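Below are two complexes that have chain A in common, paired first with chain B and then with chain C.
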Partner chain A sequence: MKKSLIWALAAIMLLSVALAGCNSNSDGGDGDKSKEQTLIFGRGGDSVGLDPATVTDGESFKVIKNVYDTLVEYGEQDTNVNPALAEEWDVAEDGLTYTFTLREGVKFHNGEDFNAEAVVKNFERWMTSGDSGKFAYYASMFGGFKGDEGHVIKSVEAKDDYTVEFKLNRPQAPFLKNLAMTPFSIAAPGEFDKIETEPVGTGPFKFVDWKRNDRITLEKNEEYWKEGLPKLDKVIFRAIPDNSNRLNALKTGEIHLMDGVNPSDVAEIDENADLKTFFRPSMNVGYLGFNTQMEPFNDKKVRQALNHAVDKEALIKAFYEGQAEPAKNPMPPVIDGYNDDVEAYPFDLEKAKQLLAEAGYPDGFKTELWAMPVPRPYMPDGKKAAEAIAANFAKIGVDAEIVSYEWGTYLEKAQKGEAPMFLLGWTGDNGDADNFLYTLLDKDTIDSNNYSRFANDELHEILVKAQSTPDKEKRAELYKEAQVILHEEAPWVPLVHSKPALAGLKTVEGFQPHPTGSDKLTNVSLK
Partner chain B sequence: MFAYTIRRILMLVPVLIGMSLIVFFLIRAIPGDPAQIILGQQASKEAVAQLRDTLGLDEPWYVQYFIYMKDLLTGDLGNSIRTHAPISEEIWPYFAATLELSLFAMFIAVVIGVNAGIISAWFQNSWFDYVAMLLALIGVSMPIFWLGLMEQWAFAVEFRWFPTSGRESILNPVDSITNLYIIDTIIQGRFDQLQTVLRHLTLPGLALATIPMAIIARMTRSSMLEVMRSDYIRTARAKGLRMFWVVYKHSLKNAFIPVLTVIGLQMGLLLGGAILTETIFSWPGIGRYIYDAIGFRDYPVIQSGILVVALVFVTINLLVDLLYAAIDPRIKYQ
Partner chain C sequence: MAELARNENPIEPKQQEEKPASPWRDAWKSFRKNKLALVGLGIVSFFVFLAVFAPLIAPEGINDQKISSDNYAKLEAPSSEYWFGTDDFGRDVLSRVIYGSRISLTVGFFAVLGSIIIGSTLGIVAGYYGRWVDTIISRLFDIMLAFPSILLAIAIVAVLGPSLRNALIAIAIINVPNFGRLVRSKVLSIKEEEYIMAAKAVGMKDRRILFHHILPNSFAPIIVQGTLLIATAIIETAALGFLGLGAKAPTPEWGTMLADARQFITDAPWTMIFPGLAIMLTVLGFNLMGDGLRDALDPKMKS
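Our next item is the complex of A and B:
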């Protein structure tokens, strides 16, 4: 009995192997057999959750952005604010009242009506929770929760079915830009309990199912409010962790689009007749930070000296394959308020030596340079970049030992100020200067994102003033001023603004990568 | 035999408790705060503190361990910090994916490895012996990561015989019942799907099978050589029995005990150690599940995931020990 069972099992296995071997169709991929337009998007990791307000990671937002809409939305490839669920809006003179007129006739995927009540319920869910561990983005963009001292939104009220009025406690210049962020997508109020795993929004695609660590399937929302859109019938987000593996899957047509292309693979993709590359407009900065509270980096001259000792062009050529531009400010040029008049520190080792001598280190010093262990769009290979930078530092007598930790450890230690010099970067959330300069370099954000632990009162005053200056021109002037201070004080060596590469089959049409890093696939189709 | 089995099972308890303690402390010894990692670089300090509180990470370690053990005893593996889902529900699909891949790989390894070992011993010092043992030596020392990528490049990208990654055709997905797709497709009579499932299994299965195959071949060969020199084999041959039966029946049975040990150990290793293969071929298995959890400092998943793998490992070892007696009547447990 037992034996016959074993034999039967063995026979099944053998048959299986035989079957697997004799495959007839030559297309190694999964071959598109249906006439439906299904697009498979390959990415490096799975989503964490699908409730827009509770997640913080890019992989989650990529899917969420296609299931939900926001009141206002960013332009195709910029972060200007355009109508979406709100058709128009009116801002009071004092910047304290925003009145939105909502689009009529929009329905959530479950059939619920989208109206003013739904908007109020979404905001109330976030505002009144008081749980900054759960609604982290809300707390950080709108200054905490109802009752907190810094809370921006005083009240959200439905004036009638399709009019919502926001009253603010204090003017917030980037208020509309914040509303366009994916975390503030409007979800169906009846489904709040379920949307973490079964999202229900008004967006171009409806959620179908989710196989953890593998894929998320969405299908066309036939009643989408944008006439004739979306073009695709189905979108599947598939997690393929390894970059070269993902590219292999693209070459065989198992996926149609992928992000996270190694810069070194771009040339090969361009030569392949079936593939094409896309570049995401840059909204990031990769930098080398100094711990400004630690000797010798508490001396401005030392920081300036090292600014002269980094050859950015060489870095870009070697590690970004040219898909980046050298940075001179802590924020990228696409952002309002960018100061193009700032003159970059030229690569000049003599000048660097001279500045070091003035600072009292004619023979240089010994220190550590921390290198990121993981590739990020703004830093495809932290360790190699660190080696190249350290080689130039050695020429001026600065002996920098390269140190690296696992990513979680790296961030924690660097945040605590344990790193004398470190590589890091930032991708903007909402395309606003505040999200770079205040978030990364204000004295308020030490122990958070100000890894340089840079504290400057003059800068602080400017940045806080800019936060509540609604006038666009005046605000831009303030940020330009801030960049002059930052250039002079040099808490960082701003390295690059990179244009992360994506790749797709030639049959993919209408795909325009968005600078925020998550793309709405509404206009995409397959030839 | 029964008493022995019970005793062995009871002995697993301290092993597993020790295991859980080690894992519990090791993962807490790595710096990196789960709350900070979940919330990302953007998060404020208050947010992190609040989440730590929600997750119970501020409790002293012994309280955390005690709560964990108490939950374990009621069969509750805890909830994932990242996905909030109960691990006992979440873990099975991953485990099944790994189990299917490991069994498939082990099947290839045993069929090819054992036969190669036998033939090498039978025709010792023949060209077959030399070639097979050279290949086995290469196999043992082969970096799986490299082999997997080469396989993928050659058979998936260049020749397009097999898909590069995944478990099934995404456009024609399997309705999972047991999550073991070979069985699921057979139950449902979906032989078209069975074929795609097998094609997806082939490349990762081969990559994973390489090392055990080589080890099994070498072990079988040396074990067979020893047995074939013994008196009873000489007698059998003198009696005029056909060589095939002498080798496959009389010798193999006695030579198989050490091979079985190796198979058991390798199977355990495959189940826990398929991380590299799972990463290259995007196989949604338990290795990747735990590996990802480490990146996110998802303590409950790491603890419970490793515990499950450890449990399977020791269980397989126990089964192997019990199998000895079934194969060789001279072995008796008391």
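Our next item is the complex of A and C:
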């Protein structure tokens, strides 16, 4: 009896050892293929789709950026424009004609040639669709679609095999920066129907397979146009929703890199001899928005009062572990046109009470404060931040009940204007002021990204003028002016600009997080 | 005439009121002999005391955050100043645990009271009238008992929307079949008793028989079951709170406190230990007391 039990136990142990072995092999870890370099990137969620032009979420772009290239690309850790698929370009003096000379000899992963025809076909697909729900980024960056009044691009033409000419309806200052955005990646024209799930680009990695809600596997593009790159043989993007589970996976070596590190875990990672932290250069803003069309937030004085009632330093100390700086403008300081002369509303409850009284609410009022349910790069814990903010609001008589919904519902309802006060944030896509001020606060973008439904004609005039002002200095002046208006009108309480933390094994080399939130892993290798 | 029929031995009205007290005195005697039950009673009284006098006992309010630059006390370990330490908002955990007893005890008590009222009514009706009424009500109970209770509670809260009041309603609903079945079976046996036959024979109305004779005779098991179910209800409140379906921040509900403290389990275990201990102790208290009451009140257990 006893003997058989021991045998059974032994058998179970043998089996589990054998199975564990299988597991590590299939992950492409050490095993016999030790020369093959596989990097596993752990992240909070799965991609929505892999067609660059039809998605809007960061988790999709993280993968897309490694499969595709854009005509021009950003620098390693900045948003300056560098050559990519286009080797050089020429801008006509009136700013209405851009001529790109394309790189020769580049092939898509399916063997198709990359040439002027391919570029034209991609742009035709976006600009003639007329579907602003599907091609949301195209519509919001280039003023709608072909035939629309504000549409920026008049025509895209192939002059010869490797020359493309863009003619614009009106000058657009950030045109090149926009072209470098991941949504405008060039896909293989023969595969448009399939790229949603099986992407085909020219990028450093080829798509292998996608297990929904689990992993996306990419392999090295041997014919990549950058000589000797990429260094990795394989990249796997794994979705591990919980921040602490993901960190545990990193500690056990199950993954090599992760984003979404809890600020409170940074100290622990720094102490760990096998791990290191990376900080994404800050290009975001976390904010508390007021619905400026709803009582009592349609009164400027109320909005200003609440601006005085938020203790940003306390928030940063308590919930960002100091890895953030207080915000005073709706855009981060790294962006051209940031107005440093704007004086932040000081944390002053007396002043706040006084302003409330002037607005006719000496005893405060009852309202809701919406808090996002998921950790975001610009705000690690929305509910906690809301609780801290609400405690100070309570001191001036503003009784704010904290409300939260599932993430998709939250965004949808807030977009429709159902939230009186809400927490949210934005990570810049192209490093341009337009991508913050116009996208988030212009009256044109109500019902899309202007969740505070703020409409101001003076501001609108300035922002539209800035869009078509090519002169850098003059543009910056216009944006500075816009920030003064926004400070006075106070449609938000700008809270913080955070430095999102990432973590990786010490063996990961050459990883430089990009401020836009998605990273090309071309130069990354494992020691 | 009705007055006479109400008791088996017609006596003076005044004494009538005192006479039924004697079985309760017996029960108290036997309860007193049960040391564990007394411990339970002690624990429960202690928490009731905390709940009633919370504002006097607690050193701070429930939401006195200390995270501003001039007053910073985030996640401080237990010390002479903060006996139970502070949480991630710099709030005194001791004060929050004390105020938390108010929530757990009220929700536990009223949820159970609610289930007693609904459950007993349904149980009496089912047991006394029998036939198709009984079938419908009993099957309804069967259906409700077929769900795991916490799952049913989650479903109810999901429909009503998460809040403390709705958590209370959900807990009350899921416990209805417990009392319903208990009372129904009690009614079935009592209604065969001779004094009920006598009451019927003298032409007493159904309602009077039900609420003046049958119901009072079912009190003992209801009280026993009720005490034990308060313990369950407290755990269920905490579970719903833990899942984010109960009390909303910054209400110091114990389960919600546990959920908030999860991420600090290694750095600041006191944020988790004390609310957890509070839940454990109250539940233990009610269970011990309930067991003691069962021994004291249930005639079958008496030797």
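To be clear about the criterion, the second predicted complex is superposed on the first by the 494 of 527 C-alpha atoms of A that agree within 3 Å, B and C clash if a C-alpha of one lies under 4 Å from a C-alpha of the other, contacts with A are read in each partner's own complex, and residues count from 1 in each chain.
Here, a residue touches a chain if its C-beta (ideal position, glycine included) is under 8 Å from a C-beta of that chain, and two chains touch if they have at least 3 such contacts.
Owing to the predicted nature of the structure, the values given are computational and were not obtained by experimental measurement.
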Touched partner set for A:139, first chain B, second chain C, both or neither: first
Partner chain(s) touched by A:406 [first = chain B, second = chain C, both, neither]: first
Chain B versus chain C as contact partner of A:313, first or second or both or neither: second
Which superposed partner A:38 touches (first chain B, second chain C, both, neither): first
Contacts of A:509 with chain B and chain C, given as first, second, both or neither: neither
Greater residue coverage of chain A in the superposed arrangement, chain B or chain C: B
Contacts of A:244 with chain B and chain C, given as first, second, both or neither: both
Touched partner set for A:340, first chain B, second chain C, both or neither: neither
Doubly contacted residues of chain A, that is, touched by chain B and again by chain C: 244
In the complex with chain C, residue positions of chain A that touch it: 244, 262, 264, 311, 313-315, 317-318, 383-384, 386-388, 390-391, 394, 401-402
Chain C residues within the chain A interface of the complex: 63, 65, 67-69, 72, 74, 88-90, 248-250, 263, 267
Residue ranges of chain B in contact with chain A within the complex: 30-33, 35-54, 82-85, 90, 93-94, 104, 107-108, 149, 152-153, 155-157, 159-167, 169-172, 182, 186, 194-196, 198-199, 201-202, 279-282, 284, 288-289, 292, 295, 297
For the chain A and chain B complex, residues of the former touching the latter: 12-13, 16-17, 19-21, 23, 26-34, 38, 40, 45-46, 48-49, 56-57, 131-134, 136-137, 139-140, 144, 196-197, 211-215, 236, 238-242, 244-245, 248-249, 251-252, 254, 405-409, 411-413, 415, 426, 429, 439, 447-449
